[in-house]
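These notes open a run of structures that come right after.
What follows is a pair of complexes built around subunit A, which joins subunit B in one and subunit C in the other.
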Partner chain A sequence: MRRARPLLESLVAVGIGLIAGGALMLPFRYHPLKAYQALFQGAFGTPHDVMETLAFATPLMLTAVTFAVGVRAGLFNIGAEGQMYIGAIGAVFAASLLPLPPGLHILVATLVAMICGALWSLVPALLKIWRGVHEVISTIMFNWIAFHLATYLAIYYLAEPGRAERTRPALPTARYPILAEGSTLTAVIFVAILFCLAVYFLLWGTRMGYEMRLVGENPEAARYAGVQIGQALLWSFLIGGMAAGLAGASQIIGRPPAWSLYATLGNVATLGFDGIGVALVGRNHPLGGILAAILFGALQHGGRFMEYHAGVVSELVRAVNGLIVITLAIPELWTLVRRRLTL
Partner chain B sequence: MSGFLSRLGWIVLAILGLGLLAYGLDQVGLEPISLLEAGLLAMTPLALAAVGECVNEKAGVVNIGLEGILLITAVVGVWVAEQFGSGIAGLIGGMVVGALIGLVLGLLAVYGRADQIIAGMGLNLFALGFTPYLLMSLWAFPGIHIFPRELMVPRWITPLGQISPVTLAAILLAFLAHILLHHTVLGFRIRAVGEKPEAVDVAGVRVDGLRLFTSVLGGALCGLGGAFMPLAWFGGVVKEISAGRGFIALACVVFAGLEPLLALAAAFLFGLTEGIAYAVAITPGVKERIPFYFVNMLPYVVTLLVVTLVIGRRRFPRTIGRPYTRE
Partner chain C sequence: MARGCRLLTALALLGWLLGACAPAAPTPTPVAPTPAPKPVKIAIVSDIGGRGDLSFNDMAFKGGDDAKRDFGVEVVEVISKVEADYVPNLTTAARDPDVQLIVGVGFLLSDALAEVARKFPDKNFVGIDTYAQSIVQQKYPNEYPLPNLMDVVYEEHKGSALVGALATFLAAEYKKPHIGGVFGIEIPVLWKFEIGYKWGARWATEWLAKNKPDKAFPYTKDFVLWTYTGTFSDITKGYEAAKAMYARDAVAVYNIAGPLGLGINQAVEEIARAQGLKSGPPFWIGVDANQDWINPGFIIASMMKRVDKGVYYTTKLVLDGKFRDLVKRNKGVLVLGIGTKVDGELMEGISVSTLADLDEFIKMGETAEKLTGKKVLPAPPDEIRRRVKAMRDAQPAWIWEAVAELERMIRNGEVQVPMVTTEEEIKKWREELG
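So, the complex of A and B:
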């Protein structure tokens, strides 16, 4: 029962978030029940929809890892957004401009994106370690710098000739195979899940992960135990950056039909911020993050049906994400819920 | 106090540096007055949000949801202005909604014992989705809304150029916040509640009341800043109108070590940076050479530089971010 409690808390928070989101529909005369019915039918109604939901979940489980691995080391790293932009740019560069044989090309494009993401997290990491600059400020500034840099590179250097609205598409050799005809789910989801598993193993199965968690739980004890705190923080940032870079790549070389980055960054924008909610619902655990990502993927895919059938703008789903996070911030809520349950 | 002076020195140095840059730009055909005008406009929302947050953090409450408040109140401000046919009403509407959001966050922090960082971030995430939702639901147009020109809050013509009355209000409020914190009983209590809430409690003053008050005050000022952006500056609202200003305001607060006047100075510095960026982007002869995208990065780069270079031993209230429990 004790192990089930975090799951229960997350589910209650999701429920409250959805109800509050429904309340936001009322002033505009939308029908919440109809909207949510359309949403969940759209998200899970057919096998095709389930696959689409998983396609939406893929980047989210990765940006959730960015936040989660930060929290585990005591950081509030909200830089996934910018690291993902830079990762996406790296993926576009490697996938569209480097002529490489099949197989190797996918590997190189994926690695380039991950390295780009990690490099983008390096400066906030060093600023934190050397100067004590709070990561909330540094990573947000880096997100905005990344936004303008990525837009610039996409328009000036990587644009598809004759189509300024997007970059060159990934060469066929760099594209992850599509898992089913007509679906946008590709094999990149396996890479994403593997990455989450690897981070899980790293955090709970290696000395480095143990030290990172010790720094997060109790920095004083960690220092006393001789842990190199700076090193632990650096790795937390870099692993997070790699996850975000991979998330960016997943939208370029693992997501038809565009196989490219829009000049507005429209096909990656906000996926990094969405990951924060996913991580918190997944209790900052890489594996919990996978489950939570599927839930949020369902909200995002189903949100389009909600817009179509009930007229509710799909962005409301992102507002629900925020409401869930706010709910999860309140520990007193759980004491209240528990009291009710035990009465 | 020496920290105060050294930090003020940095600000003066930085502003002089920017002034030099402005002089350089002047040589290629840029007007200093327009630069000051743009800088003061950009300063206003930063200063309002930062000054309120200084007072709030002095009482031991952190609100990193400033960005979210700026976004939501920008949209609501425009809507209220259109309902009442007056830009001033819109500013008041923004303030009221900002105060309400501050109240909710305050209630969560004080009675819900919420993790204030996560709750504030939750507010930011909420605003990220709620703002486009509101724009679409209110005006049935995605991502942007331009309102009638006559709803704009007029600017006053002064020897220093056209200045918005809201800008003057922001400067005045920074001084008032300074007086409040350092020269009134209420301010003494606010500072005490951040340092030693149990002492305040024993003295018979309500800890929860004080913290709720600062949270509402911070929200109201931030809401004014949010409504200011469309109604007295841009003339329209887009879904990413705040563009990280809530976090730049937090940088002001951190830099200022919670002193409202220093926060105002920092806001002016960052505002001037934005003014320069804007000026560069429109000046013929310069704009062709420097890509617009790099100019856009300037405010964020300068914010990072300032926070990195000028970090001394800042002292924050002892109980910052932590709820108070009576023993």
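So, the complex of A and C:
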């Protein structure tokens, strides 16, 4: 019963969110039920659409882990965005420039991206541990540094000759196989889900995870119990960085048709920030994050059908989606705020 | 107990919600008993600029509106929010059984168009300013050219030659030593603009020697100032590049970098404010859309790529049943330019802006204001019209006539504007023109 409670709360929140979104549509003379029907059928109506929904969900479940694993250790790590850019650049480098045999190439490109993401989180981590610099400040700054660095590298060093709008595409040996002809879902989703599961087992099945959560719940008690707080924080940052790096890679070597990074970073931008919302909806739980990511993917992919078949203008589709998300995030936000207040 | 209560309430709420949704979900759309002939539907998929960009996307939707008005087709707009939307948006439109033509706007959709067009062989696809067929040729050489896919491209070199000549005539009239061009990232597409512009400048000096010896001057390699800024988005770079050119007394600067035009405009405004000018010189020259309204009196003209015509003509080709035949003949590329014809029918897409086009674009600005809620037009429409007209009237008539003469010669094939697309050619032409 206790375990099911967050899930139930979230389901209720979904209901309230949908009603709120519907209420927003009414004054503009759209038919909410017709719009939602288009949304649901669009997102899950055919196997093809389910796969598209999952393709949109893949990077989000990972950037949600970045935020969730931070919150579990008492951090407010919003650096997924920048770590993801650097991961994407690492993936472009390894996937497009290193000639490696099939199989090994995918592995190397994936690992390079994860390491890049982790390294990018290292400086905010060390600043936090050594100097007590607040991670919100440092990760925001690092997001901007990452944005400009990635853009610079994409335009001046990794651009595809003759096509300035994007980087060199990943070599075929570095691409995750597409799961069905004509779909944009690739096998990278299995890697993403495995990563989420691994983080779940780490947090609830190992001593290290226990210590991280203890630091998050009650740092004083953790210190008293002899937990190395710095080490727990460091791991929280690094795991988050790896997740974000993998999210970046998933859009380069796991998403047709471009298989490359746009010079505007347009095909990865905001996935890191969206992950914060996904994590909140998923109750800062790696597995809850997977479900929440699928919901986000459904809103994103199904949204176009609301526009196409129910005629809802695209700006309102975004507003309705945003409203649903905000409603969904309220339970977890409330938990976070309450914890702050009672401490 | 309290928890139990809350749970019950939650369940009740959920049940109510599901109950409310359930009957709606499976209802099939009722089939009309007497199927009246449905109008042909075309879908326009924007790039991430979306509506209100006053350029490619707005022009494409205008083309759709024109097709609706003239051919009675139904038009659906699909806005892409992120790059990952291109494939699913094109797919959604293609899966609509009533849609016969899907238009993707802007070269960013090239990859997506190639993929989706392969999957829906019975639907027709058009890309505006795209190179989807060349992607097909690289990736799936056996299928090239796809029978249902057409890239619409434009003769930018010819339009650039016209504005190059226009700028040079202004230099002659105001006795200025230079004209300028601010470019984006150096990609082969921009070479067409660059060499076209310089070629037009040289043609103008030759014309002057023959027809206006008192204003003539020889063409030198440093007459056209040009900079590749390496960006299509950093407006400051456009400002800096243009400022340096105006500092060397360039009479007009050609914008070949999209939004960087706003940077060029900033440089012009600075000079205008310092010297209390109400109208140029200095001028700048717009690109793609009619940009003359942005700062009326200081944009002498724009080199227009009529995206709307691309949508309009390809819709017509589909309705006339000529689309696939033309794809076969042209290897899937439709060139719209000056004097271009398809089966004897004039299909043009390049022109230098006139006072008459201005109204259409002011209207576009008004729509954008409504859509985005932001102030777009710098002044009331009448005032813009008046100021642009005053600027054009203030230039001697021979300038406009001479530009029209060049257009006529290009149209009749009396002169050939070089179209540069390779590294070798660009080296050769820079050697010759600077």
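Keep this in mind: the second predicted complex is superposed on the first by the 283 of 343 C-alpha atoms of A that agree within 3 Å, B and C clash if a C-alpha of one lies under 4 Å from a C-alpha of the other, contacts with A are read in each partner's own complex, and residues count from 1 in each chain.
By definition in this document, a residue touches a chain if its C-beta (ideal position, glycine included) is under 8 Å from a C-beta of that chain, and two chains touch if they have at least 3 such contacts.
Everything numeric here is computed off the predicted structure, so don't read it as measured data.
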- [ ] In the overlay, answer first, second, both or neither for which of subunit B and subunit C A:Y152 touches.
- [x] first
Open item on the list: Looking at A:H301 after the superposition, I want to know if it touches subunit B, subunit C, both of them or none. Which is it: first, second, both, neither?
Closed with: second
Open item on the list: One more residue to check, A:G266. First (subunit B), second (subunit C), both or neither?
Closed with: second
TODO: Once the structures are superposed on A, label A:Q231 by its partner contacts, choosing first (subunit B), second (subunit C), both or neither.
DONE: neither
- [ ] Could you say whether A:R318 touches subunit B, subunit C, both of them, or neither, answering first, second, both or neither?
- [x] both
Open item on the list: Which partner chains sit in contact with A:T173 here, subunit B, subunit C, both or neither? Use first/second/both/neither.
Closed with: neither
- [ ] Show which residues of subunit A both subunit B and subunit C reach, each in its own complex.
- [x] 156, 270, 318
Task: Interfacial residue positions of subunit C with respect to subunit A in the complex - done: 3, 7, 10-11, 13-14, 17, 20-21, 24-25, 27, 48, 50, 76, 78-79, 81-85, 87-89, 91-93, 96, 107-108, 111-112, 114-115, 119, 184-188, 230-231, 233
- [ ] Could you please specify the touching residues of subunit A with respect to subunit B in the complex?
- [x] 24, 28, 76, 78, 127, 131-134, 136-138, 140-145, 148-149, 151-152, 156, 270, 273-274, 276-277, 280, 313, 315-333
Open item on the list: Applying the document's contact rule, which stretches of subunit B touch subunit A when the two form their complex?
Closed with: 64, 68, 108, 111-119, 121-130, 132-133, 136-137, 243-244, 247-248, 250-251, 254, 291, 293-294, 296-297, 300-301, 303-304, 307-308, 311
Task: subunit C-touching residues of subunit A, taken from the complex the two chains share - done: 5, 8-9, 11-12, 15-16, 18-19, 33-34, 36-37, 40-42, 48, 52, 55-56, 155-156, 162-165, 181-182, 184, 251, 255-258, 262, 264, 266-267, 269-270, 301, 304-305, 307-308, 314, 318
